[in-house]
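All chains are identified by letter, namely A, B and C, in their written order; residue positions are counted from 1 within each chain.
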Amino acid sequence: MTTMPYLEPRQTLPRRLLDWVVEWLPAFVVFALGLVTWQWILPDVVGIERFLLPRFSAVAETFWTERDALWSAGWFTFKEALGGWVAGCSLAFLAALVLARWRPLGRALMPYAIAANAIPIIAFAPITNAWFGTFSPTSKMAVAAVLCFFPVLVNSLRGLTSVRPESIELMRSYAASEVSIFWRVRIPTSLPFVFSGLKVASVLAMIGAIVGDYFGGSIEALGIQIRSSVGLSQFEYAWAAIVVASILGLLFYGAISLTERLVLHWHPSRRRGE
Amino acid sequence: MQLGGTSSGARAGSWAALAAGRIAVLVAVLLALGSLWEGYRWVWMSRGWTWPFEVSDRTMPHLHEIVAQLFRQWPEGGPVLGSTLLDAALFTAKEAAVGFAIGAVVGFALGAVIAHFRVLQRGLMPYVVASQTIPILAVAPMVVVGLGSGITVFGYAYVPADWLRVSVIAAYLTFFPVTINTVRGLHSADPLALQLMHSYAASRWTVLWKLRLPSALPYLFAAFKIAATASVVGAIVGELPSSIQSGLGGAILNFNQYYSAEPKNLWATNLVAALLGIAFFLAVVLAEKVVVHRAPERFA
Amino acid sequence: MSSSELVVSLKGVSKAFAAGVLALESIDLEVRRGDFVSLIGPSGCGKSTLLRIIGDITEPTSGEVVVNGKPARKAREDRDYGIVFQAPVLFDWRTVERNIALPLEMEGWDRSRRQARIAEMLELVELTGFEKHYPWQLSGGMQQRVSIARALAFSPALLLMDEPFGALDEMTRERLNLELLRIWAETGSSVVFVTHSIAEAVFLSTHVVVMTPRPGRVSACVEIDLPQPRTQETREDPRFFELVTEVREALHATGADEVEEQLAAEGPA
């Protein structure tokens, strides 16, 4: 327990820049190798055909020429994912608050929430289509919301109940009210758990919005465009749409991670630079 | 660690009480969910509320009728729906299990290699991690349809069986979490234990086998639990664009088309799909109980 | 303020846990203003439970607990004492200064008053300059000093300490012992201190209360007549060794050894 006080290493800017380049060099090399493989080795040497994976240059060209259609579809789908994410995560957090308040109930229901995580919820997409209409964004939002619900519920409940008993005893010694304990101890303790739930949920929301389209959806949506372009053998367009979906997924996840870093700047994990 | 000195008789008694308690909770939870469903249905129908959606026999059939549908012949004079769905579930389970096995083996092997070479770790891990943030499942149509025309590698043509194409999706979804957690798990060994092995002059293989692998097991199982669900999802979604009729995905598409005629079929199919997902998950939980003998720890 | 003023008075306090285990049996204990009382005894003798009963964190099954002439609950609600646990129990999400500010926020102190008090406390535990650090940026000893500063922040008349230095190395522990004595002398508060270490108890205390295990009872109260203020040299005083021996013998007479063996045989619960 006698660790040295943490001291920020002080280095010159060029030195840090060099370290950064060395650190990420292998990643850049892999990126370049990946592109070379995609562009030449797979089609020319291995003999992978266009319908499996078109050349990088072909996908990149479509990504540029069809940018308006692709991004408007991407935006349409992202709005569905975001709506579902907000609804699902808020409901899940509220449910976690209720279950954390009545601990025996929470303890009894926890295994079921975990098991519910194992249900292929995406298969319910046709049912939400029947509820809200096949072409309505609400039906995709509903699927995304249900997908988000269980991981956020499980994580939030874990967070809210993982408070050290001594912290509560300390607050009791100050004659703190339950409300005060809730805001000053339970919520801050739960935040790291909640954020990891929110991150998982962001990926699930995107999947829900895109894959939900495979059971039918608006022609403006990304998932429908992926499916129909595959059907029409426009593989370049399909892959370009995947790239759009990936960029949006990455941005969504990145935005939550950034918020997490800002909110949890105190968190000990920051010392390992994870 | 030695267990306490309580007699095994008392333990068996408390075990029975525990099992009875669990079953009671299960029944209570199912009853609560059931009454929530029926209660919601009743209130919304009797009040005529249409927000967020109109409740009717079409949108929310009675639960008992959904279950009863499993024992009805479909189509008329044909086999019982439950047995059709069981066949479909077994077919999908085969796709998912084969995909899971392929994904787990490839994912573990790659993870072990990455963990072994630091350069590889720095080169590949960012992409493996980033892959967790993108909707990978979106490539399912391309892979399934693309593989349908066969694959030519160095001039050798190979056309995989229909179900195997779907397994590729399941394998793909299994692969990423397993790789990430293999790397994390193999690095999770206690540094002191590593120094101890060093003092025995243990070979790399011995260290891997006797220390790193056992330390990695909880991480591996955490990944397997995620992957078990993902492989079932992958199998169901993979069936959608491939015109494979024999699995649950095919059944969902089929019953979706005739939803207005008979909504209960789709609900029954989803019930079976949910049970399949939970069964896969529980299989991994059970395997973990058998393999990992240590105090339960929480891994995300 | 008379020196005989009672700060803590326990009469016939017993505590039984749900499983029927009797943790404490008819404990009588008095702590006067300015006393430094150590509770010592083997694992499972209920000394931490006793401390928590004084602090109204745990309720006794029977008996009377009076703190500052009030029932324990009233004393807690009036924030009459500060508590320090074995672990620092600092909030990861608060900086050092905001951790110390926590009880002051509860008391409703305004910002400028809080700032002044925090500066004073940090000086007392010799951590000036670490205001903006987060707990994980400090060593174990520093973290424990922050938690002592937090406990002292609203100048409680009574300080409850549950093995506060148990997790620290010997060097840090001896240094913090001296620091605690200095703070105790400066603030004039009373201390109830739970420890495993005979030497620590004798070095710090005005009275050492020896407890028996299962059920916990008070078996002896040794008055420590070492001169004040105590210094590093006190540890080499022949009287120090005599008192250590006296406490050790009182402890062995309780049958502590057998209980320790019994606990070891049962393994971790």
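Definition applied: contacts are C-beta pairs under 8 Å (C-beta built on N, C-alpha and C of every residue); 3 or more make two chains touch, one makes a residue touch a chain.
Bear in mind that the values here come from a model prediction, so they are computed numbers and not experimental data.
Trainee: Using mean Cα positions, find the chain sitting nearest the overall protein centre.
Mentor: The most central chain, going by mean C-alpha position, is A.
Trainee: Based on mean C-alpha positions, I'd like to know which chain lies farthest from chain C.
Mentor: The chain lying farthest from chain C is B.
Trainee: If you average the CA atoms of chain B and of chain C, how far apart do the two points sit, in angstrom?
Mentor: Distance between chain centres, rounded to whole Å: 52 Å.
Trainee: List the centre-to-centre spacing of chain A and chain C in whole Å, with centres computed as mean CA coordinates.
Mentor: Here chain A and chain C have centroids separated by 47 Å.
Trainee: Measuring centre to centre with CA averages, how many angstrom lie between chain A and chain B?
Mentor: 18
Trainee: Taking the complex as given, what residues does chain C use to touch chain A?
Mentor: Interface residues on chain C, with respect to chain A: 52, 55-57, 76-79, 81-83, 85, 87, 89, 91-95, 102-103, 106, 133-134, 136-142, 160, 167-169, 172.
Trainee: Tell me, which parts of chain A touch chain B in their complex?
Mentor: By the definition above, chain A touches chain B via 23-27, 29-31, 34, 45-49, 51-53, 108-109, 112, 115, 117-120, 122-124, 126-127, 129-132, 138, 142, 155, 158, 196, 199, 202-203, 206-207, 210-211, 214-216, 222-223, 226-227, 230, 235, 238-239, 241-242, 245-246, 249-250, 252-254.
Trainee: Within their complex, state which residues of chain A touch chain C.
Mentor: Those in contact with chain C are residues 1-6, 164, 166-167, 169-170, 172-176, 180, 184-185, 188, 191, 264, 266-268, 271.
Trainee: How about chain B: which of its residues touch chain A in the complex?
Mentor: 25, 29, 52-53, 58-59, 119-120, 122-124, 126-127, 130, 132-135, 137-143, 145-147, 149, 151-155, 225, 228-229, 232-233, 236-237, 240-241, 248-249, 252-253, 256, 259, 263, 266-267, 269-270, 273-274, 276-278, 280-282, 298, 300
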